[in-house]
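One structure below.
Chain naming follows the written order as A, B, C, D and E, and within any one chain the residues start at number 1.
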Amino acid sequence: MRLGRAARITLGAVTALILVVIYLPLLVVLANSFSTSTSLSWPPPGFTLEWWGRAFQSAGALDAVGTSVAVAVVATAVALVLGTLISLALQRFAFFGRDAISLLVVLPIALPGIITGIALNNFFRTILGVPLSIWTVVIAHATFCIVTVFNNVIARLRRLGVNLEEASADLGAGVWTTFRLVTFPQLRSALLAGGLLAFALSFDEIIVTTFTAGSGVTTLPIFILNNMFRPNQAPIVAVIAVVLVVVSIVPIYLAQRLSGSEQTRR
Amino acid sequence: MTSAHTTRRAPALPRASAARRGSAFLTAHPRVRLGLLLAAPLFWLVVVYIVALVLLLVTAFWTVDSFTGEIRIDWTLDNIVTVLTGALYQTVTLRTVGVAAAVTVIDVLLALPIAFFMAKVAGPRLQRILVIAVLMPLWASYLVKAYAWRSVLSQDGILEWLLAPLGLHTPGYGLTATIITLSYLWLPYVILPIYAGLERVPDSLLEASSDLGGRTWRTMRSVVLPLAFPAIVAGTIFSFSLSLGDYITVNIVGGASQMLGNLVYTNVGAANNLPLAAAIALIPIVIIFGYLALVRRTGALDNL
Amino acid sequence: MTAQPAIRLSGLTKEFASVTAVDHVDLEIAEGEFFSMLGPSGSGKTTVLRLIAGFEQPTGGTIELFGADVTRTPPFDRPVNTVFQDYALFPHMSVLDNVAYGLRVRGVGRAERRERAMRALAAVRLDGFADRKPAQLSGGQRQRVALARATVVEPKALLLDEPLGALDLKLREQMQVELKQLQRELGITFIFVTHDQEEALTLSDRVAVFHDGRIEQLGTPRELYENPASHFVADFVGTTNLFGPDHARTVLGREGEFSIRPEKLTLAAAPSAAGGERSAAGTVVDSIYLGSGLRHIVDLDDGPRISVLERNDRSRTVDPGRGDRVHVTWHDEDVVALIPPGA
Amino acid sequence: ACGTAGGGGGGTASEQEELGDFEGSVSILAWPGYVEDGSNDPEVDWVSGFTEKTGCAVVSKSYGTSDEAVSLMKTGDYDVVAASGDATLRLIAAGDVAPVNTDLIPSYAGVYDFLKEKEWNSVDGVSYGVPHGYGANLLMYNTDVVSPAPTSWDVVFDGASAYSGKVTSYDSPIYIADAAVYLMAHEPDLGITNPYALDETQFAAAVDLLKAQRSHVGEYWSDYLKEIQAFESGDSVVGTTWQVIQNVLAGEVSNTAVVLPDEGATGWSDTWMIASKAKSPNCAYAWLDWIASPEVNAQATAYFGEAPSSDAACDFRDDCEAYHAGDADYASKIWYWTTPIAECVDGRTDVECVDYSKWTEAWSEIKG
Amino acid sequence: MTAQPAIRLSGLTKEFASVTAVDHVDLEIAEGEFFSMLGPSGSGKTTVLRLIAGFEQPTGGTIELFGADVTRTPPFDRPVNTVFQDYALFPHMSVLDNVAYGLRVRGVGRAERRERAMRALAAVRLDGFADRKPAQLSGGQRQRVALARATVVEPKALLLDEPLGALDLKLREQMQVELKQLQRELGITFIFVTHDQEEALTLSDRVAVFHDGRIEQLGTPRELYENPASHFVADFVGTTNLFGPDHARTVLGREGEFSIRPEKLTLAAAPSAAGGERSAAGTVVDSIYLGSGLRHIVDLDDGPRISVLERNDRSRTVDPGRGDRVHVTWHDEDVVALIPPGA
């Protein structure tokens, strides 16, 4: 849209300012990762590379990243399956209770994490009597990740319509073949976008995780929470945060590219 | 050319295989198809989530042995009454809702210009860069960012350093700091749906408005905002609900303040009083349900 | 034409929640016929086509394809194929894969599949585009891919739902010619849905005019145009000048409802005296230059405002301007009596 | 697993008579920094040696507050817990931990006597665990701002208004005891003899004192880093602290100091306990012995920043002085965290004391 | 027509990243003119319109509206209004609010605003629909709302970008008539973009034919149709029969490139002997019934395949079938010489 010059400049300036504010604390984190202060004090009293070296040798940190990735991957996979099924059902059929189900999907993300956390904690331990473990974390995460997949997929389905599926049936393909060869490939980038968001949500979740993680299950946020209390560990956490932010460019960029190329294909 | 030898006969449709019979059956019976689609997710959501939630709420009507900390199934309204009448809970609820509302308003005010710039002003390249720039901080852990704000907001932090020459001071730790930090933490979650919503507003509508004499501000107010409204509401669901349940950020930058999340957390994590915690949890549940009921008709839930 | 029709619809009815989209339609379409369904928006054309293809289940009546009752057969088991209005090409597959899709789901081997798909593409002159994605094609090319995809599996009948609707005018005319040619080559039944009467007339062996879910008239283009059975058909198929009972009496001197096509009228400076011809005086309201012709709008002194279509050639005797007095002339045989709706 | 309806009365579990074979793994719940296996810092590792020696693999989880530890122990997922005195009695009462046969723990002999058989680790002469390390909740102040150097808790209570907004307090219901310690000295009429045994009036007085303090509190702290940062940046200038915090701060800035005020102070003495439903009791006993052995104990307590549990351990530490380790006099000024229960721990029988659940409620209300 | 043009474009150029969408266009449009821009897809018509409206900034050249240079003026300060192809009605406002929007932003009071909007709605016969939302209207109705919305603020010129493109044929013809009528009533300049040559010819006072960002020919409909300046224009505006240098020599006996319109040709059983007329023999390949006429495709013996358009009336002397031998006749004056591209 063509705006007046003043409006353009104002908007651009506001955007730039917000971005500065977004990145300011991250710069502080970056600075801390090189700071000789162990307590994230400002301004950094000195420069050191010690934390970077230690971070990459910290088995605990690396384990925690591994655990977080594992949890996020499984939770995302479950969310992808369930979210896709539910969006197919809600988008392709009209039935009684449809609104209730769409509300049900939104609920786990709309209710504060601490409620989901204590509800599941109580449910697993007290009601079912299963000990908390990595699987209880996965179940909890998958539950609130469904919605991101659901929203992405249902939006895509809405846009796709049923034409392509009808064309496939018309050419002789059965229900399953149609899904495999036509519907699924069309959903792929929506699944990617939803999956990425689900992964990010799970990866950074602390509250629900606190209540559903068994002993010895240390996801990255839990590791960070624990290490914030430890002497000499805070700067290592800063290093991890910096690395994660930088590494995250790759999946975000890829997702952007994929959905971008999809747009030009449309 | 070998093609000359191929007989051009219609290839038979692969009839009567089990899969095909299944397909035919499913095509003729949409209700069965629906049932198959819904079975697994509904089982998951209802059995895992709804049952757990209902059981938690039921617990609110139980009681806890004050010494051993074991839950006893003695039906009582005490917890509910405590929560409804206790001055502590009223104060904290008001404070929490206030913080959540402030965070939501701030986030929407910040998200609108940046989302608008991304969706409607920036070229495709800049747009892509901006999306990445907005998404990237999501990957720096929540805790790390909260601690970073603790550092920024402290008495000799960057903010003080920046503001002092202007004769201003950092707000220090407290509710203001909590609001600032929460706004920061949830901002990307608010920007994304609004950005997506604005992208869906056809450019031609903005052009039509300016064509009819609407200046930039008027176009924003009369055309952009109403059309992006469902997306804005979707964004507020994130910021509002996430703020409503938070207890970690307020611990880090909130100074001496506590919010509903702290009360729930103290009661379940510390005092080991799950029934009371469940009763307190009812407050945000009721608030969120009320909010969802309010915004449902705007179509916001489709924009999350 | 064989004795057994390619398609027979008997009492076909489809009701949606509140609308009856298709209302007891009986129809037989012969093998090898180019058959069009013409009608205004919402008249039920698409619904009939979708019923034949199997995407919708009728609420009543039966559908027979080549003698077999397929009313309950799912779409993937029916020997007909569809060309969709928006083409519905699979955007993630190359042109070749799109065309080969029907063969693939039938289990045809890779090599044969490729060869036959290439042949089908060659038939629509797109063999050079096999590796492109649909998005890299123009509208007309996409339309041809859709045709190739539907014909490669050698259906016994092809269903086309406004396949030219999305094309612009020039391209549309060109594709009409190609479509007709393809049908002649393949020799299979085409069932063609359109709301463009000119297109229906140009292409079809027979046309069914739909109105409110029913067939209003069924016949060859010439029958429909020259002998419309009703007011609705006369008006919908081509432009016409309608004379209600009053004007029929004053201008034509007859009782009833009548129609005269604009191209059957001529303008002259004086009334005609030739045998079988009649004239009426009027005032020119407007003259529109169409390129290949001119359309004169004339207010008849004792009659309605009518339209006269002249060919833009040397035969024109007057070149009237707005406000000129003219005599509109016609031959008695060109006056078509319309059957009143009640009759 | 342990269900809601499960759980028994206190003290019914009996102690183990002899050791059997090691089970191969043990699960431990402890304060952060108590169970270090080198995964955070390769140089900080006293778990690998244990696993090497016994073959018991260690799975550990750390907790943030005593209350959290109590909750977590209810899950039944842990064999061993390192609990402070404000948690131990609750664990014992709930039957979550079992008596410990100290005869099976050779290292127990070297432990300071003043740490043994205390009300927070024993019930009726039955020991429920092995002491780990101890420390006091000291008063820290910013030497630039707070002068003269305080010797009394007065600066955070009646005199707190001088530093309004920059006072910090420990964020736990057990902090009410700090107020009681202060009142014990300044309001003798209340007749407080043990800050963990408060009757209704005494308790109300302590709570009122804290409510008054609340308006001057800048923040409550429960984590280590938060406190360090706050003093470093000047957001806090006076308040409770741990010795280790001062040690860290001393390395970065030089304007903080700590003092054990005249009134005395609360403090903690942590106890290693064994779960009553331990799945690996033998590994658990081995761990208790291992962690009490001088070298390991020295490592662990030094890393956390507290006094060790034995003199022998000081041979492996050079900072015992700073923590007043083994200084019985100093130790006597410390009121170690003990769970307040209705049956007054000071021995009074004529009144009912306010129990911990009331302390919790009151703490929420104090914070408001 | 006043001396000062309503719109003057001088050397107008617009380059996008890699394409030059508009390439040094000079154009003057008079006040009160119905001016059309005609051209194939991608020829730059929309871009010119958007430059005039102010939605795009030119890379070169200037735009004057009524004598004032508005090249740098934002859209909301230009005295022109646009009717968008997709109408761009505000979906969240009622029809009335849509129409009143332009008045609202100008600060017109509620009562007056309502009254003027209602009047504008009445002008397009939609006064009964004021309270509906755009989604509750049909395509033709939406189109009329867009017209009312653009005209209610009394612009000095109205820009219309294929406003009829989304409508179906019947509706389109009807809207053409209404549009023309509206323009006459308002007396303001209409700049109309279309790729439908028939529409352009029917409606316009003058037409600019665009090709690759340039104006290929500018003139009245009759000039364009009867005297196309180039091969491209002859082919794009209406259908025609082109004779390249070879065929021109063999069939027409002339040097150069020529065009003869199908309606200038007649079929006869024998060669014509009339003055100025010429004939060529050929074989009928196809005869297509169009309703108002017949299109015969004839292969000339020494020439190209040509198309002959006959009016469906009593004047036809032969009614040829496929394969019949015929003589195609034309008048020398109907042969139009095309200027070769290089000239």
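Methods note: a residue touches a chain if its C-beta (ideal position, glycine included) is under 8 Å from a C-beta of that chain, and two chains touch if they have at least 3 such contacts.
Since the structure is predicted, the reported quantities are computational estimates derived from the model, not experimental observations.
Engineer: Name the chain whose C-alpha centroid is farthest from the C-alpha centroid of chain E.
Structural biologist: D
Engineer: Tell me the chain pair with the top count of C-beta pairs in contact.
Structural biologist: Pair with the most C-beta pairs in contact: A-B.
Engineer: Roughly how many whole angstrom separate the Cα centroids of chain D and chain E?
Structural biologist: Here chain D and chain E have centroids separated by 89 Å.
Engineer: Counting only Cα atoms for the centres, state how far chain A is from chain C in Å.
Structural biologist: The mean C-alpha positions of chain A and chain C differ by 53 Å.
Engineer: Once you find the CA centre of chain A and the CA centre of chain D, what distance in Å lies between them?
Structural biologist: 38
Engineer: Counting in whole Å, what is the centre-to-centre distance of chain A and chain B, each centre being its mean C-alpha position?
Structural biologist: Those two chain centres are 12 Å apart.
Engineer: Could you pull out the residues of chain E that touch at least 2 other chains?
Structural biologist: 54-55, 74-75, in rising order.
Engineer: Which chain B residues touch at least two other chains?
Structural biologist: Correct list: 13, 20, 23-24, 27, 71, 147, 150-151, 154, 156-157, 207, 210, 215, 268.
Engineer: Give me the residue numbers in chain A that touch at least two other chains, ranges are fine.
Structural biologist: Within chain A, residues 2, 4, 40-42, 126, 169, 172, 174, 177, 225, 228, 234 contact more than one other chain.
Engineer: Per the contact definition, I'd like the list of chain E residues that touch chain C in the complex.
Structural biologist: 40-41, 168-170, 173, 195-198, 201-202, 221-222, 225, 236-239, 261-264, 266, 288-293, 309-315, 331, 334
Engineer: Show me the residue ranges of chain C that touch chain A in the complex, using the header's touch definition.
Structural biologist: 53-55, 74-77, 81-82, 84, 86, 88-92, 101-102, 104-106, 133, 135, 149-150, 153
Engineer: For a test of understanding, state which residues of chain A touch chain D in their complex under the given definition.
Structural biologist: Interface residues on chain A, with respect to chain D: 37-42, 45, 54, 57-61, 63, 125-126, 129-132, 214-216, 218, 225-234, 236.
Engineer: Okay, in this complex, where on chain B does chain A touch?
Structural biologist: For chain B paired with chain A, touching residues are 13, 19-20, 22-24, 26-27, 30, 33-34, 37-38, 40-42, 44-46, 48-53, 55-56, 59, 71, 110, 113-114, 116-118, 120-121, 124, 128, 130-145, 147-152, 154, 156-158, 161, 184, 187, 203, 206-207, 210, 215-217, 237-238, 241-242, 244-248, 261, 264-265, 268, 274, 277-278, 281, 284-285, 288, 292, 296, 301-304.
Engineer: Spell out the part of chain B that touches chain D in their complex, as residue ranges.
Structural biologist: 64, 66-71, 73, 88, 91-92, 147, 150-151, 154-157, 172-173, 251-252, 254-258, 263, 266-273
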